[in-house]
Every structure is written in structure tokens, then in C-alpha cells.
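These are the structures in question, set out in turn.
Two complexes follow with subunit A in common, the first pairing it with subunit B and the second with subunit C.
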Partner chain A sequence: MDWSERLQQIDRRWIYLFIIVMVSIAILRPLGLPVRITDTTRMLYDHIESLPPGSVVWLGMEYSTGSIAELNPQIIAVVHHIFKKDLKLIVSGMWQDGPMIAQGLIEPLAEKYGKEYGVDWVNLGFRAGGTPYIRLMTEDIMEATAGVDHFSKPLKDYPLMQQVPRLTKEYVDFIIVADTGTPGSPEWLAYVSDPQGIPMGVCIIQMSVPGMMPYVQAGQYVGLVPGLRGAAEYEILVGETGPAVTGTDTSSMAAILVTLFIILGNIGYVMSVRRKEQE
Partner chain B sequence: MTRAQIWAAALCTIAVYTYLYKENPIWRWAEHTFVALATGYAVAYNFHKYIKPTIITDIPGGKWHLIIPLIMGLLIYTMWFPRYSWLARIPISFWVGYGAGYVLGYNVSPFLGQVRGNFIALAGMSGWEAFSNILLVVGVLAVLMYFFFTVRRTSAVVQAGSTLGRYVIMVALGASYGNTVLYRFTLFLGRMQLLLLDWLQLKQV
Partner chain C sequence: MRKELPMFITAVSGLVVVFSRYFQLGEQWNLTTTLDRWSLVSAAFAIGLGLGNLTRIHYRNVKRRREHWPFSLYLIIVMWAYMILGLYQDVEGTHFRWIYDAVLMQLSATIYGIIAFYISSAAYRAFKIRTREAAVMMIAAVIVMFGVAPIGDAIWANWGKVSDWIMNYLNVAGRRGILLGAYLGSFAVAMRIILGLERAHLGGIGTGTTIQ
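Right after this comes the complex of A and B.
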């Protein structure tokens, strides 16, 4: 067996081991590769930056625990920005894990910035029903949520929810949707953002970027934070560098490794085909 | 997370990753545990958030109209009884009818927004921007030609457009594949950060 055939028959477990070792090295000894801010991340940042203090930002948490590696750093960075700018925050979710994840992320940040639950931010929790749920909130939030928040506490007791009876342009200034599938940001666009005329931005996983770019191109999303890289960019923009900045190093390392493996695999394939043709 | 939670997460992660070597009982245990926990959580959450408050509080509290969707929902379960299974068609037909109308009603406007997004300036801007806009418009037209099945592709223009459309689709699929690989790596990275930084504490974050 010549080397071109051997190259194609490497036991996949050696590749896994190699990747584990390389990724571990990158995590423990980051290379500090530069992070360039992409236009779509800056657009979202600029839009939040332009909101006057006291504006209400709605965060749709449409993802499950499977995507926390990419989306949690994004949400942390964006919420840093929201609280730094003294904006109000309302969280909801059509995915049942979403608001539960949000609670764990936002609580420590609210404490850090001295934000009071019910006054500066509220977590409405998960509600079944998907898009009819968010559409109903454009008519009456109390009706859509059965009048209770994530902890089943009455919403009428919270000053923020007295101030925001409906999910309309009159009461909500901006929508951010953290999205990993359906129902997600396209549903928010169709049922809330577009009919109500509320500007909208998205925090998405890397995998969704090609599918979501047309919405940015069409001006339907004012900005887009792409994957872990986008989280790192947002961390830099708000001056709160965290796990995402370190993570992009590892992510870049992984991308280089995969590219090398693809090139090697293809070289082996082409060589073996040529050898067979010669034979 | 507390230390106990980190230990649980780390051990479960290792249990799942043992599959990379080969399928084994530890991996199966981890997978079944995850499915059981997720299902249990969903059932308990929905019961306490909806079913219980609706039956105990809302309906006796005067929201009698909620009995209608409650009965409609229960009719779905008649599928288990062949004699009465036809009753399940009532909520399903309502569901399909409402769903179709609802989706059509709300999705036209965002779709038109996408169409409008292609009416872009092709001149009077920087070279790169003009090139990008031309590429976008040509790409959209080529892909539309690729899916144009109503006439025979005898015209050279339609043939060339269709071929170009196929290449544009392949580029888009390549971009999607690349992004998917990177996303999977990020998930792996998240687990490795948990193992190395939170669990083994090999480096202060």
C-alpha cells in the first residue's frame, strides 16, 4: 500500500486525537490572533448604541442548550451593552430552554450593573404555541403570557411590564433574536418585526450565517452577530473581552486543521486515481 | 455553576465522547439519560405552566371558552381508538386550515422585502461595492433560471444562465458546509473549555 492509499485510510480516531491535542494547546496557550470587526456585527452594535437611555429592547431566546457554546457569549456581550446603555430588557422564548438559559446569563450581569428585576428587566419565560404566542403579544402581553413571568409571578406587579402592555413599536424600540432554528428570527420578522415596524437584529450560530445574510442585505435585519467569532467581535466592541475572544483562536486553529485534512484527503484521492489509471 | 454541577457536566461530556472510540454502554447510558431528562423536563414544565393552571385556575375562574381548545386537543387522542379515530380529523383539519391561512397571511410582506432587496444600485458607487451588487443580481437571476422548468432549455441564454445558477448554488452549499463545520467545532470547543478550564482548572480564566 503506497502513501496515497494510506492517507485515505487513516483511522478516524487518530484524527480525533490529533484535534483534541491541538484544540487543548490552543485553549491553554492562545495565539492571540487579531479579530477584525465584521460589518454586520458593527451594524448591530451601532444600532443599540443609537438607542436613547430607557429604550426597551426585547430579547427572543430561541435556542436550546446545544448551542450555548456559540450563543451564550453573544448574549453576554449584548446584555453588557444593553445594561451599560441603561436600556430596559424583556426576555421571552418560544424554545423552552431559552429563557432558562437567559436567566442564568442575565442575573449576574444585572447584579453587576445594579439592575433591578421587574424595573430594568423581566424574563417572561417560555410559552408553548410558537408564532401565535409572539403574535398575540403584539395585542396583549398579559393575555399571551397568562399574566405571569418565568417564575410564575404576576407581571402586573412589575413597573416595566406596566410600561409595556403590548409588543408594538409604541412600547418596544428594538428586537434582538438569538436563533438556532425554527421558530426563530424569520418568524419574529414575519409575525412581529415586519407588521409592527420594530427594527430587529439577530445573534445566530455560524451555521445559519449564509441563510440569514439575505435578510441583512434586504435591510430586514439591522445587524447580525455571526457565531463565536461575532461574539468575540462584540466583546471587543463593548470592551468586555471574555471566553469568545479566546475561543476564536481555537476556532481558527480548528478551521486550519480541517482545511489541511481536506487538502490531504484530496491529494491522496487524486494520487490514487492517477495510479489506478496508469495501472 | 457549582463544583458538583461542573463535575456532572464534565463526566457526562466524557461519557458522550467515548463514542468517538467506539459505541459502548457508557455512551448509551449518557444518551438515554439525556433523552429522559429532556422529556421529563418538557412534560413537567408544560404541565405546571399550562395544563394545571388552565384546568385549576383559568376555566373555573371564568374563562369558559378555554374548554373548546381543551376538548379539541383531547380529540387528537381518539386516534388510539379505531372506532372513534375519525374524531381526530376535526382538530387536525382546524389546525391545517388555520396554519395555512396564518402562514400565508404573514409571510408575504417579508418575502416582498427580500425581492425588494434585489433592486439595488449597480452604478455610482465604489468599484468593490458595484461589483458585489452586480454579482448579487446576476447570481439571483442565474439561480432563478436554474429552477425555470416551464420552457425547454434550448435557448443559449437560458442554458448559460442555468449552468451559472448551478455553480452559484454549489458555492452557496460550500459556504453553508464550511460554516456548519466551524459551528460543530465551536460546540466541541465549548466542551473542551468546560473540561480543561472549569473542571481540571488547568488555567485561570
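Right after this comes the complex of A and C.
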């Protein structure tokens, strides 16, 4: 095997090894590279910043445990902002994992900011049904949720839910949807946000960003937090730097490594083409 | 009757939703809300049905000692044990929550994380400048990849702007075209389903075929 072939056929195990070494270095010894705040993240931040204290923010948790590495830091940063601004928070989920994940993330933050469950925030839990569920909440939250929350406790006992009988513009000021698939933010847009005229923003994994950009440009999403980088940006904006800022260094390392391998593969390819031409 | 009844229900439900959306009278009658209520109840039943069906299938695998039957047994035990624990403790019960956090969450995140290794290996093999189109795709991918990672801005201050331009113009233009095509296609499929021309949603009965 000559060099042109060697460069094109590097054993994938070497690639895996280099990736794990480089990512580990970035985690153990962060580079601390500055993170530029993208426009879409700032738009979401500015919108939440503009809400007056006491406004109700609805958080649609439409993702499963596979995406926690990217989406959990986003939710933590956004909830920091919500509680700092003294906004009310209602959580729901069309995905069964969403409200479970939310409970684990929000509970410690609520404790930190002295927020009382039922008064300042409520977790409605998972309900089967997908889009009919969120649509029915625009008519009657009690009926759509069978009148109970994530813990099967009656919603009528919570002051926050007494204030918010329906998912309409009259009662809800902003919707944030964290999603990785269907049903997700496009369903929230089509069945709740657009018909009810409630502004909406999204927290999504980096892979979903290209698909969501048309909605941002059309003004249907007032902002978008893109992947782990977006989480880092939001952490910086809200002044609560955490795991996402360190995590972005891993993406820098991975980008360098992948590009190096792509270059090596292409050098090998060009060498083999030239050799064939000479022959 | 096995074909006609589901097709009739589908057609009536579809027409009700269309009528409710596009006519004021339909909105006044609030027919979609009634359908939504039925849909929620059906979805809740479907979960129970799924549980029963899954148990039945895997019980048969175990009983007949089919290939990989120990996995079927494992699935039945884990599924029922976790469900009973959840019913006994509630969803935020100590043990229920611990299993969720320590097992399910970690395993799912790990499996998703492994994708990074496969993507790296796939990028190395796929991004070859065999044609001009492939070269353009490779260059765009590298620009966006470095634009997303902070290293791009560290190398060149305008890297992020170039990456954003690709995402905001080239990407959005293409995406809009795809979305419009997909929505028109969805509309056509919806009409075919309502009219009974498409029967794939009926499962085994004439899957994906049209009535001649």
C-alpha cells in the first residue's frame, strides 16, 4: 500500500482514538476561547428580557434523554433567566421524557431562586396525544391534562394554574420549545403560537439549526438557541457560565481534527489521481 | 367492511378538520375540539394497547424459545418492573427517579454521543473532491463547522459572519424550497387519504397502493 492509499484508508479506530484524546484534553484543560454571541440567541435573550415581571412563560419540553448534552445546558441557562426576571413558568411535554428531564433541571434552580412550586412554576407532565394535546390546551388546560400535574396532584390547588386556565395570548406571554423532532416546535408554531398570536422561541440541537432558520427569518420564531454553542452564549448573556462554555472547546477540537482528517484524505485522493494520470 | 369503515372514519375526520379550519361555521361548532378530545383518549388507550401487544409478542418469543429469546424475557421483566415501580412510587419516587437518571439518561446520552465518532469517520471518507459539487459541499461544511466552533472566530474575526451568511441565505433559500415542496406534497397526500385513494395508514390492507 503506497502513501496515497494509506492517507485515504486510515483505520477508523485511529480516528476514534484521536477524537477521544482531543475532546478529553479540551474538557480537562479548557482552551477558554471567547464565544461570540450569535444574533438568534441574543434575540431570544432580548425578548425574555423585555417581558415584565410576573409574565407567564410556557416551556414545551419536546426531547428525549439522547439530547441532554446539548439541550439541558440551554434549558438551565434559560430558566436562570426566567427566574432572575421573576417570570412564571409552566412546563409541558408531548415527549414522555421531557417533563422528567425538566423536573430534574428546574427543581434545584427554583430552590436557588426561592421559587415556590404551584405559585411560580408548575410542571404539567407528559400527556399522550401529540398535537391534539397542545391544541386542546388552548381551549382548556384542565381538560387537556385531566386536571393533574406531573405528580398527579390536582392543578386547581395551584394559584398559578388558577391564573392560567387556557394556553392563549390572554394568559401566556411567551412560548419556548426545546425540541429534537416530531412533535416539536413546528407543531407548536402551527397549532398554538401562530393561531393564538403568542410569540415563540426555540432551543434546539445544532443539527436542527438549518431546518429552523426559515422560521426565524420569517419572524415566526423570535429567537433560537443553537446547540451547545447557543447554550454557552446564553450562559454568558445571563451571567451563569457553566458546562456549556467548557463544552464549546470540545467542538473546536473536534472541528480541527475532522478538518485535518479531511485534508489528509484529500491529499491522498489527489496523489492517487495524479499517479493514475501519469500511468 | 374492514377496509370501508376505517376509510369512512378517516374521510369524515379529515373533512371535519378541513371544514373547521376554513369555514366560520365550522369554528363556531367547535368540531375540531371534540376530535381533539377523542384523540387524547385514544392516545392514552394506545399506550395500554402497546404495552399489551409488546408483552404478547415477547411472551411468545420466550415461550417458543425463538432466537434471542433472553432479550425478550429481559424486556418483559424490565418493562413491567419499572412500570409497577412507577405506579407504586409515582414518577418522582426515589428509586424510580434514580433508575431514570443513572441508567436511562446516561445510556441514551452515551449512544447519542457515539454519533460524534461516526460522523468524524464518515466526514473523512465522504468529503473527497471528486467533483466540483463535492468540493463546494466540503468547503461549505468546513466553513460552517468552524463557524459554529469558537476556534473559527479565533482564527479569523470574520469567520462567523461568513458561516452565518451561508446559513442565512444559501441554506434558508434551499430549505424554503424543500419546505414548500414538502407541504404541497403533504397536502396532496392528505387529499388522497380523505378521498380514499391512499390506504397506507390502514396498515396491512393494501399498503401504499391505490384503488384501481
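By our rule, the second predicted complex is superposed on the first by the 279 of 279 C-alpha atoms of A that agree within 3 Å, B and C clash if a C-alpha of one lies under 4 Å from a C-alpha of the other, contacts with A are read in each partner's own complex, and residues count from 1 in each chain.
To be clear about the criterion, contacts are C-beta pairs under 8 Å (C-beta built on N, C-alpha and C of every residue); 3 or more make two chains touch, one makes a residue touch a chain.
From a predicted model like this one, the values you see are computed outputs, not experimental measurements.
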Subunit A as common anchor, with subunit B and subunit C clashing or fitting: clash
Touching partner for A:Ile27 - first (subunit B), second (subunit C), both, neither: first
Per-residue touch tally on subunit A - higher for subunit B or for subunit C: C
First (subunit B), second (subunit C), both or neither touched by A:Asp2: neither
Subunit B versus subunit C as contact partner of A:Ile256, first or second or both or neither: second
Partner chain in contact with A:Gly265 - subunit B first, subunit C second, else both or neither: second
First, second, both or neither for A:Gly219, with subunit B first and subunit C second: first
Partner chain in contact with A:Arg36 - subunit B first, subunit C second, else both or neither: second
Which of subunit B and subunit C A:Phe151 touches, first, second, both or neither: second
First (subunit B), second (subunit C), both or neither touched by A:Glu49: neither
Partner chain(s) touched by A:Pro243 [first = subunit B, second = subunit C, both, neither]: first
On subunit A, the residue positions that both subunit B and subunit C contact, one per complex: 16, 19-20, 23, 66-69, 125, 127-128, 132, 135, 152, 206, 209-211, 214, 217, 227, 251, 254-255, 258
Subunit C - residues contacting subunit A, complex: 32-33, 35-37, 39-40, 43-44, 46-47, 90-92, 97, 100-101, 104-105, 108-109, 111-113, 116-117, 119-121, 123-125, 127-130, 138, 142, 145-146, 148-154, 160, 164, 167-168, 171-172, 175-176, 179
Subunit B residues within the subunit A interface of the complex: 20-21, 41-42, 45-46, 49-50, 53, 58, 102, 106-107, 109-110, 113-114, 116-118, 136, 172, 175-176, 179-183, 185-193, 196-197, 202-203, 205
Touching residues on subunit A, where the partner in the complex is subunit B: 13, 16, 19-20, 23-24, 27-28, 66-70, 96, 125-128, 131-132, 135, 146, 152, 186, 189-191, 194-195, 205-211, 214-215, 217-220, 227-228, 243, 247, 250-251, 254-255, 258
Subunit C partner contacts - residues on subunit A that touch it in the complex: 10, 12, 15-16, 19-20, 23, 33-36, 38-39, 64-69, 100-101, 103-104, 125, 127-130, 132-133, 135-136, 139, 143-144, 150-152, 206, 209-211, 213-214, 217, 226-227, 229, 248-249, 251-252, 254-259, 261-262, 264-266, 269-270
